[in-house]
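Inspection log for the structure reproduced underneath, given as structure tokens.
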Amino acid sequence: MDLLTLSFAVINGLLIGGIYGGVALGLSLIFGVMRVINFAHGSFLMLAMYCSYLLWASLGLHPYVSILATVPFLFIVGYFVQGVVISPLFKRERALVVEPTSALLLTAGVYLVVDNIVLMAFGPDVRSVAVDITYESIFVAGLPINLARLIGFLAAIVVAAALSFWLKHSEMGRAIRATAQNRDAASLSGINVQRVYNVTFGLGCAVLGLFGALLVPFFSITPNIGLSFGIKSFLVVVLGGIGSIPGSILGGLLLGVFESVASQFVTATSAAIFSFGLFIAILLLRPAGLMGRA
Amino acid sequence: MRHTLTLLLGGPLLVLALAIPLFVTDSYILHSIAMVLFFAYMASSWNFVCGYVGQLSLGHSAFAGVAGYVTVLLFTQLGVTPWLGMLAGGAFAALLSVPVGYATFRLKGPYFTLTTIAFAEILRIWLENTDDFLGIPLKGAQGLTVPPVGGSSFLAFQFDGKVPYYYIILAMLVGVMAATALMERSRLGFYLKAIRGDRDGAEALGVDPTRYSLTALAISAFLTGLGGAYYAQLFRYINPERNMGIDLSIDMAIMTIVGGQGTILGPTLGALLLHPIGEMVRATIGGSFLGLHLILYGLMLILAVIYFPKGIIVPLQRLLDGRARKSASRKAAAKTDALEGKGQ
Amino acid sequence: MSAIEKISEVKKILDVKGISKRFGGVQAVSTLSFHLNQGEILGLLGPNGAGKTTAFNMIAGALRSDTGEILFEGRSLANLKPWDICRLGIARTFQLSKPFGGLTVLENVMVGSFVRTAAEKEARAEAQKVVDFLEMGGKAHTDADDLTAFDRRKLELGRALATKPRLLLMDEVVAGATPNEAGEMVHLVRKVRDLGITILIVEHVMKVIMGLSDRVIVLDYGKLIADGPPKEVVRQPDVLKAYFGERYVDARA
Amino acid sequence: MSTPALEVRDLWSGYGDQDVLRGIDLVLEPRTIVALIGANGAGKSTLLRTLSGLLRPHRGEAKLYGESIFCLPPHKVVERGFVQSPEGKQLFLGMSIRENLLVGAQNKRARARRDQTLEEVFELFPILRERQALNASTLSGGQQQMVAVGRALMALPRVLALDEPSLGLAPIMVDRLFESIAKIKERDLTILIIEQNVFQVLEMADYGYVLENGVMTLNGTGAELLADDHLRASYLGL
């Protein structure tokens, strides 16, 4: 492979990788705080994409404008799913830790419900949003860079930074971090842990609302697109370390470049084999991830 | 007293199941019932390890798919009868399960689950993208068809009507339940329950968790493989998406969990409840509402995890012998595997 | 044990030589040495956080020691997994008794007996003997989850006995028990010793350990501070200090 | 007699169906230090976890200045003024000392005078002021204990419960900590202290309770309990 193709692959990988990282932020946050792996993570992203698509198709809203609707909508969905579906589990096992497998099963149920509601509503057809930005590129050192992807990439960096800042400096952020570190001590300090969980879950989903809208200009939409994004997010989180925000972005970049370069050698579909292989290798060698705390 | 429910429910059900082909002549309906039995079989095979060890594998479809491919290839390439092919496929799946299990059983909870998905997906994607492997024609995503031999042939595992297929899967289901019952009474069964109950405690009593989990996994993979081979033979067709996709794994897991993990009858109960719902929804309004049955599956799963974490077999069991154990029943709901271990 | 061995000098069944364990910044156990003689009951004492359970876990193979070695009947336990150690003849109980849910009392004990036999019938018969020994015959077919806290403890002792150990490690056997229950447990532990099983017992309730032990050792801050007959050990100033603080000892000196 | 700061009547609690506490009665008069002592497993921590709302009691009643705190979720219990500094320190080790303390001030009342309380905690434990920017994990055991106590104080407790504050501390640190506790008492505060370090705590306490196997077996002033043979016997086995 020549150098030009390789650098093009790396740049593209970085761009899409940043977006993977952004998509994985919510999963990492939720797992870090609640010790719950949200199997429906990708489904929520898919839901956001359909929202953005619907607003474009029916009202002609530009996907970037639809963010104003998708982010709050996904926040509410997340808040509601945690409050209604997952919290009974925490209440049942009040003094104990929630058995992670039960939570996984619950969210797997949510995944089935969300994916198939969308399938029922929109059918299996592939949909896409045609806006000008899809075709715009800027040139850096002679290499074309797709503008929509660049925006997604930058958004991931900005969101990660903003989230870190917010977690570090706001009251709620402090409560979230305290709850993540020690749930019992947090409630003994007067933190309303249920509310922290609801907000955390809502927040994790709200981030997906953003990236759903940022993805639609260059990513076609089908009802079953969620699972692959979900699994990629797990991979990113495992690579970067659970609960680590910079780790999430870094893991995303790593995965993006890895996939992009690997797909230069094999077909794009079988490139996923390498991603899964990487996932297994990382989990077996370093279960806490490359940068993560145990 | 032991296995009261198995006998009380299982006995009449078996008689009913044996008699069904006598009065059900519609081949579509018979086929649908055979599919219920098939899913009951697959869920029971999954339950054999996951239900007893308490780990959630979503990669079992790989064992089904691999064994199906081995069976079909042995038949189409070498003319080996699918009956032998099935055993070979099962053995292959069991062999495959050992390194996979060795790697994954060290991981806990969601990590285990996600790794099993990763293993299965690697295999599926590889198959989808491989037309020819060392001269073996795999034909990628397109899949393989089993050429008809013309008419019924026992040796070729091909029959004109649905009745033989029906009885074969019924026999397999009875077989896997018997195997589960035997396992429960053996050292392996005791050890698996001990590992699930308290891993450290089990280790201190001389149980090497990896060794016994792997043993159970290999048996489970073998059984799952037989089911996968049957599935391929029933449709005379196999492809990576259908025969080893994650949906199949999810079905096995959901049916077992809704029915009751770690029990002999639970997976079958789950299949009896869920599959007909799915079929009916598909048959009546499914045309216009794609995916409705899966929404129902998802809701049932959520409700089961919240209200019947040990499966619907628990309230059933309580209903049946509640009177006999009034005092204990208060506690039974969340705490016990009601089917098992209630004296003899 | 043969008569010749009885006559000959006391045999060491367990020899702990300079084991240590560090967790992060905390030295939980530092170069601890002690031994157990065949057939005795040794009490392991110390205030909360003194390193008793850590030492205990290192012997049982649940933790690996940073230094030193542990010999059981002359064999090193280095690198052995908990299940190997169990097969060698060392059984243990845990501070928190968790029965195997969904199994009856008898079946819980059978898990232990399966170490010595693969046959279900034989395991069941052995387990029945143990259940009778514990005087829990009436509850043999009760679901272990439905037992009281104290019966769970007895059940755990039963599971351990079913592995036919020569050395039994017991962690906090009477914690949370009523005085009657504590008495019953003491009676049981003596019965176990009469079977010829050597016992190391970690305990907080002094009354119990004083009456039960042939010899006690005391840990404080991970170090051995006393070793001897119970009545003598509790009079040593170091021990009093460890338990009641400097000022108390000074005031009574 | 005034309304007790804390009044517990016939409290039954435990894990699952198992009763660990079997009918606990406990009264704390305002502005006193009350010691609760008992061997490991006697149920001391279970009592605190129940009062704090981490464990759901089976029956009984618990009142804080006449108001029931029974069956409230933990954050409501803290809001009402019963605050526990948990056993084993339980700090947020990934956060700075200052942040650990700030987390303590969650309820409106506490948040309104947070800076003031923080200043008071720093006065009580000057070393914490020096090290406030450092990560809590860098502290020694005694300093961590100070943070835990300080964090509880940040919530402006009316009744402060300390679960084994001396656990794992060197004797000199225990002395210092107990001096600080005596200082805290000078605030308008009632203290319930759980200890293994029996004699030292009884010297300091106004009143003491002895918990054995989930039942209160003895109570009296510190001096009375120190002189009691039963207590010595149960601790020394003599």
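Letters A, B, C and D mark the chains as written, and numbering starts fresh at 1 in each.
Note that in this section a contact is a pair of C-beta atoms (placed from the backbone, for glycine too) under 8 Å apart; a residue touches a chain by one contact, two chains touch by 3 or more.
What you see is a predicted model, and the numbers here were worked out from it, not measured in a lab.
Visitor: Compared with chain A, which chain's mean CA position is the farthest off?
Guide: If we average the C-alpha coordinates per chain, C ends up farthest from chain A.
Visitor: Pick the pair with more C-beta contacts: A-B or C-D?
Guide: Here the pair linked by more C-beta pairs in contact is A-B.
Visitor: Would you kindly tell me how far, in whole Å, the mean C-alpha position of chain D lies from that of chain C?
Guide: Each chain reduced to its C-alpha mean, chain C and chain D end up 32 Å apart.
Visitor: Using Cα averages as centroids, what's the distance between chain A and chain C in whole Å?
Guide: Roughly 50 Å separates the two chain centres.
Visitor: Just curious, how far off is chain D from chain A if you go by their C-alpha centres, in Å?
Guide: Chain centroid spacing, chain A to chain D, equals 42 Å.
Visitor: Provide the list of chain B residues touching at least two other chains, using ranges where the numbers run on.
Guide: Residue numbers touching two or more other chains: 331, 335.
Visitor: Taking each residue of chain D in turn, which ones touch at least two of the other chains?
Guide: Touching at least two other chains: none.
Visitor: Would you pull the chain B residues touching chain A in the complex into a rising list?
Guide: 54-56, 103, 106-111, 113-115, 117-119, 121-122, 125-126, 128-129, 246, 250, 254, 257, 289-292, 294-295, 297-302, 305-306, 309, 334
Visitor: Tell me, which parts of chain D touch chain A in their complex?
Guide: 15, 49, 52-56, 73-75, 78-79, 83-86, 90-95, 99, 102-107, 110, 151-152, 155
Visitor: Show which residues of chain B lie in contact with chain C when the two form their complex.
Guide: 185-187, 190-191, 193-194, 196-198, 200-208, 262, 328, 331, 335-337, 340-344
Visitor: Mind listing the chain D positions that touch chain C in their complex?
Guide: Answer in residue numbers: 18, 20, 39-43, 164, 167-168, 171, 174, 196-200, 203, 213-214, 233-238.
Visitor: In their shared complex, at which residues does chain A touch chain D?
Guide: Touch residues, chain A against chain D: 94-95, 174-175, 177-178, 181-182, 184-194, 293.
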